[in-house]
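Here chain A shows up in two complexes: once beside chain B, once beside chain C.
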Partner chain A sequence: MTRASDRMTTEPAPVSAPVLRERRWYPYLLIGPSMIMLVVVSLVPFLYAVYLSFHAAKFGRVTDFIGFDNYAALLADPRFWNSIGVAATFVVIAVPIEFMLGLTGALVLNQNVRGRSLLIPLLFMPTMMAPIVVGLLWKIMLAGSWGFLSYNVLERFDILPGTSVFASPDYALYALIFVDIWQWTPFMMLAFFAGLQALPLGPYRAAAVDGANPLQMFFHITLPLMTPLLAVIGLLRFIDAFKVFDTIYILTGGGPGISTETPSILANKMTFEFWNIGEASALAVLVWIAFFAFCSVFYQIAKKKLNAF
Partner chain B sequence: MKRKIWCFAAALAATTALTASALHPAMAQDASFYAEAAKPYKGTTIRVLDEITPLQETLSKIVPDFEKETGIKVEWELLNHFEVINKGQADMLSGRGYYDAIMLHGSQLGPMLSAGVIAPIDAYVANAKLADPAMNDHDFIQTPYKTTAFSGGKQYGFINWNYNHVYWARADLLNNPEEQAAFKAKYGYDLAPAKTIEQMRDIAQFFTRKKGAMLAGKPLESDFYGIVLEGIKGGSTFSNLWVNFIQNYGGDVLDKDGKPVFDSPQTVAALTMWRELWTYAPPGIAEYSLVDVPTVMGNGIAAQSLAWSDFVLGIDKPGVSPYAGKFVYAPVPAKAGNEAKRHADAEPSVTVISAASKNPEATFLFLEWLASKRQQDKLIEMGQGGVPIRESSWALPAIKDASNSTLFAAMKSSLAVASARPKMEKYPEMFDAMSGIAQQVGLGKMTPEEGAKQGQAILVKLCGGKSCTI
Partner chain C sequence: MSAILNGGIPPGLTARGIAKSFARPGAKPKVDPHKVLHEIGIEVGPGELVAITGPSGAGKSTFCRILAGLERPDAGTVTLAGRDLGAVPAGQRRVALMFESYALYPHLTVRGNALSPLQAPGGRLAPAEAQKRVDEVLELLEIRHLGERLPGALSGGQKQRVALARTLVQVPDLFLLDEPISHLDAKLRHKLRGEIRRRLSAQSAPSIWATPDGMEALSVGDRVVVLDQGRVEQVGTPEEIWQRPASARVARLLGDPPMNLIEGTLMRAADTLYVTRRDMRLALPPALAAAAARHGTDSIILGVRPDGISFAPAGAEGAVAAEIYSNEPFGKHAIVTIDLGALLAKVKTSMAAAAALGADGGIGRGVGITFPAEGLSLFDGATGRALAGT
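This part shows the complex of A and B:
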């Protein structure tokens, strides 16, 4: 004979239809406010940008519908392609270096190094700094002639004589990449370190019993277990690096010439200097489409091949 | 005894006041005009956006006088060069009208007029209740005034600021006997402030020295440079190249009909000189803005420069620069052989009434008051100089008897030939592209011929076969 209390644990109590209906709406009620906020602050401006990209919009006045003219003008503009090239170079160099240095640093931190509790907050400092502070700091360090590093290192040891790195089309982009690496490697390191700390110890103990060496443990245990985190952090950093604006704006303003002009800098210039809002919106939409496509492909690959997400 | 002193002081004050009003009847009339004209607008608050330079800092001390005279409250906001452009334009273009009046550099007028966001003031100037009878606009320095404040037969303001370039050099170096002898031996003429661009080049070449070399009898602790120029992308790098070099060489960006003429042999020659001068400048020249150039001069790193005279005023002061009082100024050098058609870069600027202003009459009164002789005289005297917008200001004691008299002589010379840049709808696009070319040519990454060719192509594309001017 089944007791009433047993039945209660195995079979849900019958629920009336009105209550069910109410429960169906309940989750939507909870996420509703956030969704409304998201739509208002994110989707509406984006849709308006799409609308503007199909219109002649100069000096803040939206006039005629012009179809794909803004897109055609942008795609025919060598300056647009230059900005894509600059951003691609920036990302392709900066992100892998940050990734490798971050992962290496995290593995070192994970070895119970002395003073770790002091080191971690210190490592976070560059990441915590406002981009404008980072820009000003490196301007002071690398300014031609009087910059701290320029004067005490570059000039003293005759490295790049007669050159100011931010004023040189040959070096400015690499100097910006260096600043980005300085700012964001600690973030990667700490994110990976947090991931390493959360890994289960069981597989490592088993591997040790089987006689695996540290390199084998890294490639066969650590890396596969960390893959989802590495994929997410790598993707976020990739997106963020492509959008970089503030430090470039402070340090070079996109110059010399257009040698450090990224799509973000170009879009800002088109909007707030040239007041060519239609074309600037087209640029924003094109970059969004490119990102959407890239992220979708990345998501599928990461999901299927790396078991991430 | 004490009472006697007080009586004497009161009598002296009364006599002084009476004498002053008797001596300046126009000024007394001027003050009463504004009090009367502003009666309908008493209690109104107007918001005015201007740029922060030493000139406006002095002006901000005068603005409260307007409030006392008229009862119109002025919210006077000062922002830096780049912010005043961005914030001011954004407000005008949005149609929000937060600011009633906004200072526009001459170069901003083309786009803002094209957008139709500036209110013309012709109706107010023609209105006897609002127009100051003592204004005397013939006293304004005419070319900058006429080329800036008027467009398409309409008036859009008075002249407010006559920013201009001057030649600036280290007098202690130019007057050093050893340096003078060495210079004469090398170049065959006396070392003195450059009168021609070629002389400026020779001086730049002569004084560019490495750390450890001797300069005016002392060993250099760091590299020294013959010249410093603005080279940043944006700022006024290209206006310096355009007017002080290309125009002085006989070239230009546009012809009289507004058609692009940038690929002329004169432009190529000017760009060639530009490139050569950059080789005598500090390596960070491509980062130097209009603020950095006076700083470099003030720190004694370079021998000479072409700089905005209002920024010079902020540096050549005891306590600001160790070289204060050791500088000499001169007119912007002309191209040798082309002195009769000399040019000097200037950015005459005008505070305009936003088309979205809800208080245009009160704002007009304020702008008129600012440009009046009474306030301009006060501004010059209080600032112990300044950059005049009126011809009569040159005779004021603060300028006539100034210790750095060569600076004011140089300013006067520049303003005698200064005019506003052509009013182009696509001025920002043109300027941005040309700034890039100026940098690339200066850094030697592009030949002068390529620069001229590329600049012409950009202009042709921007103007689409039509006149580039409005």
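This part shows the complex of A and C:
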């Protein structure tokens, strides 16, 4: 009996409600600094852009509130629709090719190829390069007549003689797509390779005992298990490719004419060449809304159908 | 008859001279490899269930993987159902392997996992028939209600039963179960041990059941193979292995708790042969004494089962002095651990006898123990082999 009562008194008193309530601020204290940074760095400029988009703002002077006029002007502008078309073409061609090449490369890399440890750092090179460097590199490679690739390939086989591919309204966009594929395929490959390396071996052994062939293993094990990763990487690359700015800025600046002008390039021109900050802000907000909607839908589908996220 | 028709290859499973080594981590292959299996031979007839037991690291899983074709042996041959499996890849061996690590498909439901071998090229079955068989097996393993869950949402024991279901739905040429019930709770283990055994025995295919639990091996196997450090220590019926363990290694695996092994020296005084260890002196019964005398070695291991030892008052005539180390009541019986001087031995006794040892289990008290005249085993102190005629 005495033992039991001893134990009763030495047990810690139950935490009372006021103590809990006092500590409610504690989590907020912990996330506070990062939230403040997020608000200052991200939310404030964004809200300012929304504010600008509803105002007449030209040549650095913000004047009247004009409601949706900026949006209306933008939607009526063929140049805006051209930029959407350019970006869509860019994404629809570049990303699937990067995806397929990346996945194929990752599968090959996963077969214990010789010299893999040497190959992987090399593969990272294009992705590690600053986009400005990538732009300059390809500007030199594909420069009219004297560029390494232009001289040795395009001129020699009489494709586009006497001119740079970047000077042709018909081909400039495809040259940019080529550069994007060069820049991002290795990243996709390595991301997928990391995913393949993390797959459990057990299911493959079980399938081997059941007599599955390599193709069946790929479609029934590898692909379903990789789907979440494929979806996330694919989505990231999709968004990133749509927003591409730096390599295009260096290589063509959106030209010739408006043949390679993506929304990012157009917004930049609207701001720093036409000084129509209100309309540029409206463009930024529209693109943001489009992506927000797209990502929400994608997220819902991915969650339900693909077991991703 | 069929042996003749098949060009002399007997039906059932025959493995001969299976050897396997692995390179040590960090070492070059070929240099001082780690030998996992030393020329293992085993025969399992059609419909026979052979249990393979041995401590972890004995080579049970490696042996199963070699039979399934997931691992290539360094030497040896395997024939199954009249076929030489030497060049046959895993997928065409018609072997149902249950993996110790489950190896479930994480993206398929419980039902999907159980169905998978029936949709695979080797064992394809009409969908309705496949569903029926899966239902029946899931029911047997008490996981039918989990049918639509993904493996990630299951406990370890449930996952093991899914792996088991995936194996049991098949009608293969060979069943290989690698620790099939080791992660189930005791109640389910008791129930399923019998059910699975019954199911396997009803099939014409030979079955192999690998388990580190010696008692489980004795209870499920028509015959039992004891492996230790990659060598076959003993092959026999459960009775043979229980009654006459071929070596101290086998004895150490069997029983709950296992046989006590007391290393000692033989000493002759007058006409009696004694086993001595420190100040313990135990007269051997005539039959054992004769066997020990024939064997002609002084270093000896005396094996005595925990339920053979009885307690006597400390200092009683003919009793060996010991000290009580721990006392665990289990309700039906009690396990008392005694210290024989730098050697702990287990005694399985009645609850009453254990309680009589004193308050608080009598821990630390001196006590006398007596050994039975029957049921003692003798092993060679150097090799661990059982002495002939014991």
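As a working rule, the second predicted complex is superposed on the first by the 288 of 309 C-alpha atoms of A that agree within 3 Å, B and C clash if a C-alpha of one lies under 4 Å from a C-alpha of the other, contacts with A are read in each partner's own complex, and residues count from 1 in each chain.
In this text, a contact is a pair of C-beta atoms (placed from the backbone, for glycine too) under 8 Å apart; a residue touches a chain by one contact, two chains touch by 3 or more.
Note that the structure is predicted; figures quoted are calculated from it, not measured.
With the C-alpha superposition on chain A as described, chain C and chain B fit side by side in the combined arrangement. By the document's definition of touching, of the two partners only chain C reaches A:P203; chain B does not.
Vertex at the C-alpha centre of chain A, arms toward the centres of chain B and chain C: the angle is 150 degrees, rounded to a multiple of 10.
By the touch criterion defined above, A:R61 reaches chain B but does not reach chain C. In the superposed model, A:I221 makes contact with chain C only, not with chain B. Using the contact criterion defined above for the overlaid structures, shared-chain residue A:A212 touches chain C, although it does not reach chain B.
Contacts of A:F274 after superposition on the shared chain: chain B is touched, whereas chain C is not.
Between chain B and chain C, it is B that contacts the larger number of residues in chain A.
By the touch criterion defined above, A:G144 reaches chain B but does not reach chain C.
Once both complexes are placed on a shared chain A, the shortest Cα to Cα gap between chain B and chain C comes to 53 Å. For chain C in complex with chain A, the residues that touch the partner chain are 68-70, 89-93, 95-97, 99, 101-107, 116-117, 120-123, 166. Partner chain C is touched in their complex by these residues of chain A: 200-203, 205-213, 216, 221, 224-225, 307.
Only residues 86, 89-90, 93-95, 111, 114-115, 117, 222-223, 231-234, 282-287, 301, 426, 428-429, 432, 435-437, 439-440, 443, 445 of chain B touch chain A when the two sit together in their complex. Residues of chain A that touch chain B in their complex: 58-61, 143-146, 151, 162-164, 166-169, 252-258, 269, 272-276.
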